[in-house]
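The two complexes that follow have chain A in common; it is paired with chain B in the first and with chain C in the second.
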Partner chain A sequence: MIDMTNVVDLVLEFLMQFDAKTLILAGSAIGAGLAMICGIGPGIGQGFAAGKGAEATGRNPKVMKDVISTMLLGAAVAETSGILALVVALILLFANPFVAMSASMWILSASAIACGLAMIAGIGPGIGQGFAAGKAAEGVGLRPELKGIVNRTMFLGQAVAQTTGIYALIIALILMYANPFVG
Partner chain B sequence: MTGIEFIKACSAIGAGLAMIAGIGPGIGQGFAAGKGAEAVGRQPEAQSDIVRTMLLGAAVAETTGIYGLIVALILLFANPFI
Partner chain C sequence: MEGPKIYGYIYGFPITQTLVNMWIIFAIVFVLCYVLTKNMEKIPRKTQVIAEVMIDSMDNLVGQTMGKDKMGFAPYMLALIMFLAVANTSGLYGLRSPTADLNVTVGLALMTFFMTQGFGLKSKGIGGYLKSFLQPMPFLLPINIIGELANPVSLSFRLFGNMLGGLIIMSLLYSGLAGLIYLPLVIPIPFHFYFDIFAGLLQSFIFVMLSMVFVSMAMD
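This part shows the complex of A and B:
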């Protein structure tokens, strides 16, 4: 049996040797990396859209232009959560708000890591919106004359799918700019 | 261990974490390639159109992997914290 309190004490003792700024910047580096994990979502989703687009083009090459335009529109929406994660990572790297705050270094470095953790939620909207884009491309390939209504339905569903990604962004922004644990 | 060393160590962890993003484009583009091959098999005469659509979509799917790579490269070679 390992005594866990001993391990925690050792880790805290190890971290205690650094000054506050060092711990905050170290946490921010880990947070920036965690945020980018979000890229899994748009990657899977847009790939699904690309596959469905290729399938629809193969079924009827005459509708290729309509299929591609719907596929790219849907994929562009699926990209948003990846961009939001990139923005959070770049803020942590180049406009770090934690350095200027005066609070316990533990709270600030943990908040920096938590910003990155929150943005991982973007995986979900990325996959879901990409699925919607793929199915819309398939639908436009079958009935190109319904392109307008198919696109509108796709956008409506994608907007709902985006919500959880927005929640994550809100939590990350609260941690960075309105941290309730500070002051 | 100095403070700079600790920041460098954590930046290395962060760079590794960022590259986990590569899972997504890998799965997605693989699906696209599979569907593309399926479509070419069904209609070989439409091969160029199918491949063009597939590559266009796969290029979009690549973007988030590139974002992760950029953040990892920034952490490694242009680290703003050091």
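This part shows the complex of A and C:
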């Protein structure tokens, strides 16, 4: 049986032999990877939208043009949370603000990891918006003459579904540019 | 990635890049309105047709979304969407988008917020307005208040987050392409198309649509 406090001590001791910058960069690398887990959401959502679009087209090939445009517009909005995650990951990789900060390296590297963790929230909006896009494509397939209002309703709902993903981005940006734990 | 630059101070009031870019955008919208509505005639010419289509489609949108009795909001909403459409696509002509500054989006969202509360109060009367916070059950009062206050927050951060995300991606892309010769001319085109034109116009539409929905929901 290994003594748990001993293990923690060993890990901390192992980490302490590196200098501050190494640990911050390591945290940023983990954060960048974690952020991209968010891609699960848009993937599922857009896949659902594509499936619904294919179904609607299969049922009535004449509406293909309308269905495809609604599906692509909806899927492009569902992409948003993936793009926001990409923004955070790219900042961590190429314009890392933590390197220039002067604070405890633990706080900085933990903040870098937290930026990535926060962006995982994007899974939800991605799936939800994709679901909305799929249902809209289905609706347009049934009644192509209502495409205008269906698209409008879809955009409105998708914008509201995006809210929590935007909150996650705000927290990630606060951690990077206005970190309350620093200074 | 840095915030908007500060060019100077007038009586201690900072003149930021956002402010200057907004002046430019106001000028663009003013010139656009002037050119489109100059020399109006019974039989419209090309510029007048554009103006008429814009006003017509806004009237339609307001009529469908808010109801025929609230057509008075159409001019405000058209002004808002024109400003937002030019501001959100300003990355195309090399300006830092003003809507990528939280001060602007919070200001716009507060306008919607006070319109929501003010017109709600006006159309329902004080009793009805206060009673609307007790719907559907009285114990939901705190949730209703929080929900009402969350609207301007989510409205402003949605526009800000989307615009800032696009701005960051574009500036990282340009800094990554710096030093190459022909590629910086070609590669950013699809990115500009998505982040400036598609996302920018979509977000301005969404902001205006949500404003309309909030105001009309508070009034009914």
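FYI, the second predicted complex is superposed on the first by the 181 of 183 C-alpha atoms of A that agree within 3 Å, B and C clash if a C-alpha of one lies under 4 Å from a C-alpha of the other, contacts with A are read in each partner's own complex, and residues count from 1 in each chain.
Just so it is clear, contacts are C-beta pairs under 8 Å (C-beta built on N, C-alpha and C of every residue); 3 or more make two chains touch, one makes a residue touch a chain.
What you are looking at is a predicted structure, and each value in this text was computed from that prediction instead of being measured.
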item	value
Contacts of A:139 with chain B and chain C, given as first, second, both or neither	neither
Chain A residues touched - chain C or chain B, whichever exceeds	B
First, second, both or neither for A:157, with chain B first and chain C second	neither
Which superposed partner A:173 touches (first chain B, second chain C, both, neither)	second
Which superposed partner A:80 touches (first chain B, second chain C, both, neither)	second
Contacts of A:94 with chain B and chain C, given as first, second, both or neither	both
Touched partner set for A:128, first chain B, second chain C, both or neither	neither
Shared contact residues on chain A - chain B and chain C	76, 83, 86, 90, 94
Residues on chain A engaged by chain B in the complex (per definition of touch)	17-19, 21-23, 25-59, 61, 64, 67-68, 71-72, 75-76, 79, 82-83, 85-86, 89-90, 93-94, 116, 123, 126, 130
Touching residues on chain B, where the partner in the complex is chain A	1, 3-4, 6-7, 9-11, 13-36, 38-40, 42-43, 46, 49-54, 56-58, 60-65, 67-68, 71-72, 74-75, 79-81
Complex interface listing, chain C residues touching chain A	1, 64, 154, 157-158, 161-162, 164-165, 168-169, 172, 175-176, 194, 198-199, 202, 205-206, 209-210, 213
Partner chain C, residues of chain A touching it in the complex	76-77, 80, 83-84, 86-87, 90-91, 94-95, 97, 149, 152, 155-156, 159-160, 162-163, 166-167, 169-170, 173, 177
